[in-house]
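Each chain carries a letter (A, B and C) given by its place in the written order, and its residues are counted from 1.
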Amino acid sequence: MGFALTTEQFDAFLAGLARDYDIYAPKRLAGKGAFSGTDLIAYAPVQSLAEIVFDRKTFYSPKEILLPISQTLFYFTEEAYREPQQQQRPVIIFLRPCDVHAVKRLDQIYLHNGDQADPYYRERREKVKFFVMECTEGFDSCFCVSMGTNRTGEYAVFLRLEADRVLCDARPEFTPALAAYGREAPFTPAFIEQNKISVKTPEKIAPAVYGHPLWSEYDSRCIACGRCNVCCPTCTCFTMQDIFYEDNPRCGERRRVWAGCMIDGFTDLAGGHSFRNKYGERMRFKALHKVYDFKKRFGDHMCVGCGRCDDVCPEYISFSRIINRLAEVSDDE
Amino acid sequence: MDVNTKKIIKNAWRVTKERGVTCLRIRVPGGHLEVKYLDLLKEIAEKYGNGTVHLTTRQGFEIPGIQMNKIDEINQMLAPVIQGLEMELGVPVTDETAGYPAAGTRNVAACIGNRVCPFANFDTTKLAGKVEALIYPNDFHVKIAISGCPNDCIKGHLHDIGVMGMVEPVYNQQRCIGCQACVKNCRQVSTGALSFVNYKVRRDPLRCTGCGECVLKCPAAAWTRGKQSYRLVIMGRTGKKNPRLARPFLEWADETVVLQVIKNMYAYIDRHIDRSLPKEHVGYIVDRTGYPVFREEALAGVTLNPEARVAAWMDWSGYRYERTSNMV
Amino acid sequence: MNNPYLPVKAKILDIQKQTAIDYTFRLAAGLHVQSGQFVELSIPRVGEAPISVSDFGDGFIEMTIRRVGKLTNVVHELKPGEELFIRGPYGHGFPLEQFRGRHLVVAAGGTGLAPVKSVLNRYYHNPEEVKSLNLLAGFKSPADVLFAAELEKWAQKFSVTVTVDKGDENWTGNVGLITGYVQKLVLSNPAGTQVIVVGPPLMMKFTIREILGLGVPPENIWVSFERKMCCGLGKCGHCKIGDTYVCLDGPVFNYTRAGQLVD
C-alpha cells in the first residue's frame, strides 16, 4: 500500500519505530574517512531522514549489522563456558535492492550451507526488516542489472525520497504506522534498468582458465590488502580467535572475526603449508567464488554487482573488468 | 647610480652579480596559488625581466634580469599579487602598491598537503597562510616550513621551525579483523609503535608519531582519525658554520599552541638578537641563550593542550665545518 | 539455542608418544565417528583446530597430534586425566562399503597415516571384509615413524611396506620415496583395486600419478584433504575449493572430484 509523508511526518514515523527497532542507514561519519578531511559513508544508527545519505554508496556494506566484524561466540570461565546474552533488538536497515540480494547470499552460507544453521546469524537475521531505498540511477561502478539484483520485492517498506516528501510502499506490517503519520498515495517502486557498466558472467570454466595468464597480472597489481573482501556485502568468511583476559588468563572468550581470501594467512595450516600464495591465484579464487562456484552450488551468483570492490581498491583493480575478462577467456578455452 | 640596497633588499629585491640589474622575489605562502597570478608574473618577466623565472627552494618565484630603475613601476604592478597572496590571508600591508613590506622572514613553505596527498594529515597550505598572517611582514631572518605528516617532504627539519601534521589514531577493536596490515606497515615505514596481542592491535603512545599510516592501511576502518595535532621541530639549518637537523620541541600540540609558540619566538628573537651583526639567525641566538631560555620564552603565556609534550632538554647534534669555530 | 559451535569436554585417558612431536591422545568421548572424519579440538583461551580422528571405539576416540603451533604446543603439555574440548565429528569419511570384498591399497605419507589408522585396524580385526590389503607408509626419517607397534601388528595380517626418505645407521628397512614402492606394486586386478592416498599435497600428487599409471581407474582412488577448517560447519569459508567445502563434502574425496579441485 502506498503512502506519502512529508519529511517531518517521516521523522515522526522513524521516531515511533525507534521505540521498537534499532534503525541503521547509510550515514555520513564526519572526518572518519581514511584520508584526512574526508567523511566516511557507512552504516550507523540514525534518528532522522536528514541523517540518511541517499546520494552516495556506502563504503562498507550493511552486512556488518547482521554479521558483526568481531563477534563473541562464548566466554570461558575457569571451568565452564557461557554464551553471550543475545539481547538484540529488532533492526530496520535502509538499503538498496542489490544489498537485499546480498543478504540472501549471506543467508545461503549461514543458514543453508551444511545441515546446521548458524545460530548467531539466525538470531539477528530473524529480527531484520528491510527498508529499501529506491535506486534508479546507480553509481559509476554498479553492475546490478547484469547480475539480476537490480529489483527486489523483499522489503517491509520501499521508499523514494523526493524534494520535500517520501513516497512509500509498505507491507501490511507497517501500513498502520505509515497511515498514522502520512496519507495514502499511490506509489509503484521503480528500479534501475541500465547501469553504466555491464558484465557477462562465464558459463563454463575450462580447466585451462585456472592457469590462464589473465590472473598473473594481479600477482603484481594486487597488494592483498583485503579491502575488496571487507567491503563486499557477500563475503562471509571468518576466522576463530581464542583470547584470554590479561588480568585473568584463566578466563577468556572465543570469537570469530571477518577473514578475507585475499589477505595473507587465510589458508595457513598449522604445519606451515598454505595455498594460493600468489595474489593472482587469490584473485582467481575470489572471482570464481563470486561469479561461478557459488552459483554452481546454490543456483545464484554470489556477486550482486554493487561495485564496492571497485570503489575501494587502492590499486584501481576493477572487478567488473575481471568478470568480463573471465567470461572472454572462458569462451575461448 | 644611487640605490639604497638595504631598502630594496627589504623590499624583496636582490642585489645581483650584474650591476644595475635586480631580481624580484615573489612569496607564495604554502606554495599553492591560483594560476591567475601567473599571468602577471609572466608579464613582468617578459616585459621587464629576461623572459625567465626561477622556482626557489622555498616555493616562491624569482624574476631575474630586471633593471633597478623599474622597481617602483613593478611594485605598482604587483598590487594584485600582494593583495591576493598576502592581504587576503590577513597579512597587514599598508600600501600594496609599494611592493613587499619585508623580506627577512622567508616565505612559509608547505608540502602539497591534504588537498592532494593521501598521507597528509591536514591542509598545510591553509596553516601556512595563518602562519604568514602571524609573522609577516618581519625583518628577522626566519624560515618556517609545514609538512602534512612526519615524512616531512618539505624538509622542515632544515628550518628554524618545521611543523608536521600528526593525527591521533583511534582504534575500535570491534572493527579489527586482525589482518595486521597496520602492524606490519608501522614496523616497515614508521616507528613500530603497534604490536599484535591477543589478536588485537596495541599502540605504544610513546612510540607513535601520529603519522596516520595505520588509518590509511586499515581495510575495515578499525583505525580512524581522532584529534589532529602537530609536531614542532626547531632550529634545523644549513649554512656555512654548523648545519644540523631540527630537533623535536613539541609533539601532539594543537594549532593554537603552535601559532602562539611561533609568535613567541619572534619576541624571543627581538629580546636576544645581537644587533651589532648585520643579521643573526634564530638558531645561533638559541646557541647563545641556551635551550632552557628559549623554551621558557617560547611557552610564555601558552596553555598547552593536555596531550602536548615538550622536550625537556635538547641535544642539538649537527656538526661544525671548522672544529674550533667556537673558540673565540 | 542449539549451538553447534559449543564444544564439549573430553577427558584424556591415555597419551602415547609416537615420535618426539607426534603424540596420540585417547579421549573419553561417546561420538559416533566414521573413519576419516575430523573433530574440532580446542583448549579454551588458546585456540581451536581441526584434527582427524585416528581411531575410535566404545566410549573413546584417538587423535594423533603433531606439535606444530600454539594450540598443539599446549595440548602436548597435557597429562592423562586432564581435559580437552571437542566438537564434531565433521565431514565424510572413507566409503568402507565400497572397499568390501575388494583389493585395497593404502598409501600414507607421514601424519597421513593417522586418518587411515582406524581403517587399517578395522581390517586387522575383520580381514575377511577385503580381498587383500597393502599398506605403503612413508616417513621422512626413522625418527618420524608413527604407530610402530601397529605397523608390526598389521604386518602379521597384511602386506606392510614402511619406507623412510632418509635412513640412519640403525635403520635396516626400506629407504626411498613412497612413489618408488608404489611403482613396484603388482596389482592382480587394477580395475578391481581400491586405493586410499593420504599425505602432504606433493606426496599425494605424485603417488596418485603412479597409482593411475598402474591402471587403477580414478574413481577407485580416495584421498583425504587437509585444509584450514575453522568451523567445520560450512560457514567460515577457509576450506572452500571451487564449489566444494572440504569440511562438508570431504575431507575424504573420490579422486574424480578431488582431481578437479584447484586451490
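Here is the rule we go by: a contact is a pair of C-beta atoms (placed from the backbone, for glycine too) under 8 Å apart; a residue touches a chain by one contact, two chains touch by 3 or more.
These numbers come from a predicted model, not from an experiment.
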Touch-network distance, chain B to chain C, counted in steps: 2
Between A-C and A-B, more contacting C-beta pairs sit at A-C
Chain whose average C-alpha position is farthest from chain B's own: C
Roughly how many whole angstrom separate the Cα centroids of chain B and chain C? 67
Chain centre separation (chain A, chain C; CA means) in Å: 38
Chain centres from averaged Cα atoms put chain A and chain B apart, in whole Å, by 45
Two-or-more-chain contact residues of chain A, please, as numbers and ranges. 239, 241, 243-244, 259
Report the residues of chain C in contact with chain A in the complex, numbered from low to high. 1-7, 42-49, 66, 68-69, 71-72, 200-201, 226-228, 230-231, 233-238, 240, 242-243, 245, 247-248, 260, 262-263
Report the residues of chain A in contact with chain C in the complex, numbered from low to high. 73-74, 76, 81, 83, 86, 109-110, 113-114, 116, 118-120, 123, 207, 210, 236-244, 249-252, 254, 256, 259, 261, 266-273, 275-276, 281, 285, 288-289, 292-294, 296-297
Chain B contacts chain A in the complex at 114, 118, 120-123, 148, 165, 167, 173-179, 181, 198-200, 212, 215-222, 224-225, 228
Chain B partner, complex, touching residues on chain A are 31-37, 40, 42, 59-60, 68-70, 225-227, 229-231, 239, 241, 243-244, 246, 257-260, 263-264
